[in-house]
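This is the structure I want to talk about, given as structure tokens.
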Amino acid sequence: MAIILGDNRYGKAENRIVRIFRDESRHEIRDLNVSTALRGDFAAAHLVGDQSNVLPTDTQKQTAYAFAKQKPLGTIESYGLDLARHFVDDVPPVTGARVEIEEYAWERVRVGGVEADHTWVRRGQEVRTASITVEGSGDDRRTWVTGGLKDLVILKSTGSEFHGFLVDRYTVLQPTTDRIMATSLVAKWRFAHAEVDWDAAYAGIRRILVEQYATVQSLALQQTLYEMGRAVLEAYDEVVEVRLSAPNKHHFLYDLSPFGIENPGEVFHADDRPYGLIQASVLRDDAPDPGPAWDAYTGLV
Amino acid sequence: MAIILGDNRYGKAENRIVRIFRDESRHEIRDLNVSTALRGDFAAAHLVGDQSNVLPTDTQKQTAYAFAKQKPLGTIESYGLDLARHFVDDVPPVTGARVEIEEYAWERVRVGGVEADHTWVRRGQEVRTASITVEGSGDDRRTWVTGGLKDLVILKSTGSEFHGFLVDRYTVLQPTTDRIMATSLVAKWRFAHAEVDWDAAYAGIRRILVEQYATVQSLALQQTLYEMGRAVLEAYDEVVEVRLSAPNKHHFLYDLSPFGIENPGEVFHADDRPYGLIQASVLRDDAPDPGPAWDAYTGLV
Amino acid sequence: MAIILGDNRYGKAENRIVRIFRDESRHEIRDLNVSTALRGDFAAAHLVGDQSNVLPTDTQKQTAYAFAKQKPLGTIESYGLDLARHFVDDVPPVTGARVEIEEYAWERVRVGGVEADHTWVRRGQEVRTASITVEGSGDDRRTWVTGGLKDLVILKSTGSEFHGFLVDRYTVLQPTTDRIMATSLVAKWRFAHAEVDWDAAYAGIRRILVEQYATVQSLALQQTLYEMGRAVLEAYDEVVEVRLSAPNKHHFLYDLSPFGIENPGEVFHADDRPYGLIQASVLRDDAPDPGPAWDAYTGLV
Amino acid sequence: MAIILGDNRYGKAENRIVRIFRDESRHEIRDLNVSTALRGDFAAAHLVGDQSNVLPTDTQKQTAYAFAKQKPLGTIESYGLDLARHFVDDVPPVTGARVEIEEYAWERVRVGGVEADHTWVRRGQEVRTASITVEGSGDDRRTWVTGGLKDLVILKSTGSEFHGFLVDRYTVLQPTTDRIMATSLVAKWRFAHAEVDWDAAYAGIRRILVEQYATVQSLALQQTLYEMGRAVLEAYDEVVEVRLSAPNKHHFLYDLSPFGIENPGEVFHADDRPYGLIQASVLRDDAPDPGPAWDAYTGLV
């Protein structure tokens, strides 16, 4: 009954890389949070402290910043693919690389009604996310890409019901046919391959998620999530699975009756905790095995 | 040499009030974080635990929610005035009230290119703020209103210099004629009176702040802030003072020279801490004394 | 090529339950953050909005608070087992339950050198964690329990080296034989069964983790983590696997040479981001399959 | 009616300085968050972008790190005094300096029951704070020092009442003679002069605050705060004023009656928002004018 080293990886998390494109008088900006992790034969580092196979996390950082200049950096997915392939292909002990990226959106400010060339404010709350996992070389090369978003805070003031639920001895909740439904959505979608127009896919999927949230008459957050995932899969052949995690951010109708005031769905208390938390996957029945696609490196707290 | 009770106040902080207006088929939403604080003769509560003059913080909360329905709630400034005046006028021991409000902006989602009637996503990062202070009754009534914003994350990729500064034995900084300048702006403006078109003032002042940030060729963040405040005061007669607090969110040019890569203002590291922090007030030379206008109740951490 | 519902679960996250035991004049306190999630046949809720199989998340909340009184609540592991078993055994559509708990530690204050009976301050930064997963009934019943801790901020000012690492064209890091090593540890350990003295195991495992961190001459954080896991497994037969995730919280020696000041390991800058992030599992070679033990419900951001 | 520059200052905030003392085999650690701000004749920087009077914030940072080695750094108060005096005395345009410091406490881990020489874990949640303000030179030199703490999370499970309060039409709160009282205390104390045993004062004042919280039979949080401040002033001649800001972190008794379960003060829900917020100053009637002592530079969000 021996004690052994199990699964392991290491890298540099949260490199805050800002890339300005200034070839034209009108600058462009990309604002990234890049994390890299490597797998490979690192047993000696763990067992006897031998670093000869270990590319320092500092080097991973340097590489991430260097690639922000050396590579096109058109999208976070393409940049992540460049970075992950480099580690697997160019660093001998590395057999697999995972790159996770968050992108913060900026919008140009307007001056006298005209978009400024060099000045932006942060746009929205939501963060675009991607993960790229590359394993093996040559014929054994395998690649998984997921896109996603998080912190998309969305609310509908009607069109949400919740009734007909199971009742047990601890159930005091009253059914409702009209409530606020709000969430801070985390959505991730898994691509079938890496030949994708990443920006177009992101924009289109985000639009579908939001439209479904707005238009589905919700009988439960579960149903809304399913319809969101389903619609994405119907629209994008290159997506094989959508995973959704949605806190039900409760807005409780405030009881104004002690003051003789009616409150027909107008004044709410937005509560912090606890919150419902619904998680679901929607996928094609012939979706390939996800492998390590969903195996998050950062973000666990 | 006696020990005495000094300045004191108490209230309920961070009431998360969401108000839906649903008289029309197209709903409206206001999403507020409301804090109230009362001053008055509360010495007995402190000295001997006698609560007979103390309106509970719970009551302040109930009142804030009730007023969200009973009062027009057109703007946070007008709602705050209603609430503060109520406490001073209707609760005998109360001689002064402070209401501080944050408002979170939402924007309608689009479905098929058309704005939805009942669904929104959180807009931007910035938060609109206001404080209302009311003291005294009848002829002694005095009122102070400040508007503001916070968390306005803004960045310019050129048009910022910093050179010609004082050098001492601890100075290693190199002068620059072109850098990124970024901040997360906190701005507050003090009104001369309470007869203001609050929403118009907010929109106009925000626009001026952003335009000045974008267009002033900056020789220092200090200069930019001054020009922002000055322009607001020139445009709005009803504003007598602007206070600005701006972290200089450093974006350091990344050194790629060890890899033989030139980096002419393209790849930056966005650092977290430390950060420069510039604070300035710009005001009219005949501005009235601010009294308690700037005496923040919440927000200190 | 149909679209189908994949893995799904739902529950109530972050119930902030505080339990006071006041049978004796000397009170006891347990301060918990409880999340529950259910699996089962909830396809109808997703596909057609039929809630007849859905026990509301509100009911899960009520149950968690009720059990805080009805059950002994001796440890978070035993309380979580009671709760998870109840959902699987007493709610027909539920086939599996996951309970995740954080516990915040308090220590009694001293008054005149003597421990107070009713007053505490929060102790330390670290949080004790546990997850309980129960699936199936009768002979098919399976149970997985993990214990853990997070946010254990630990630092050693010497006894840490890093050299002999792999060098590529992006490597600029200099080797060192003496550095600060600091982390904010997340550790989780998987139990072989549920017949454990939970409090004793927690205290003992925490002690071992800390002692190993302090005493192992570290050639890399990887090595330190391995030695921590190994020592736990050697001491506790009932533990079959230890998972560790450790940010390398960099403390950079500050360059004071421009000022003619030597700095032999005395003044450091504690940097925020990026940080190294090392993750490893240490386990018995005959450890049973983890099943859903590591499949976290909450905590992803 | 001209527009003028009002009050202004600038500096470097949140320098995360860690100082290791390694002259003995048993190391010592001080872990600081240091912010500095300067006042003086900086009008030209604001009005015309002339930096010739402006010592860069980067220089302030370098100085803070250099002083961590050059100066004794016995306490945060003495270190802050050294730093503030340097800026005023050695940088000609500077007429006033403010230094604000947070200190994070560490405690030695034990190995085999014995304290380790080089390894610590973060102790507690609370943060020690200090502010040092120095203005003028020579005979005009004035100095203000405040000490303090924040984030001291303290709870008592009995010995707290709240009744006999003012009732108006919005009052629904029920009086109670036994409740949980919990807060996350912010306390600051102003010293009469700068000839103080800073560490002894901190330890003693913290002890008094905690003991008063524990032992005063509380009729309101107001009363508890007053008794805390009063006791500090009675014990420490060198303290002239104590300011306290205390959120009333509500613990609501959970209603278990729908389930036929009695709950006599045993199961509570710890709510996040809103919270009561009580602020009070306790001072000597002959306390000198506070001047800029309370004029916080950082910490406003």
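Chains: A, B, C and D, in written order; residue numbering restarts at 1 for each.
The rule we apply is simple: a contact is a pair of C-beta atoms (placed from the backbone, for glycine too) under 8 Å apart; a residue touches a chain by one contact, two chains touch by 3 or more.
Keep in mind that this is a model prediction, so the values were computed, not measured.
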| message | Using C-alpha centres only, name the chain that sits farthest from chain C. | response | B
| request: Decide which interface, B-C or C-D, involves more C-beta pairs in contact, and give its chain pair. | output: C-D
| field | Mean-CA-position distance for chain D and chain B (Å) | value | 23
| said: On a C-alpha centroid basis, what's the spacing between chain C and chain D, in Å? | reply: 31
| Where chain B and chain C are represented by their mean Cα positions, the distance between them in whole Å | 38
| said: By the touch rule stated above, which residues of chain D touch at least two different other chains? | reply: 15-16, 62, 66, 170, 172, 258-259, 272-273
| message | Quick check: in the complex, which residue numbers of chain D touch chain B? | response | 1-16, 35, 37, 42, 45-59, 61-63, 66, 90-91, 93, 150, 162-168, 170-173, 186, 218-220, 222-223, 225-226, 229-230, 233-234, 241, 243, 245, 247-248, 273-286, 296-301
| field | Of all residues in chain D, those that touch chain A in their complex | value | 169-170, 172, 258-259, 272-273
| message | Help me check something: in the complex, which residues belonging to chain C touch chain D? | response | 15-22, 27, 29, 31, 62, 65-66, 68-70, 106, 109-112, 116, 118-126, 152-159, 180, 210-211, 213-215, 251, 254, 256, 258-259, 261, 263-272
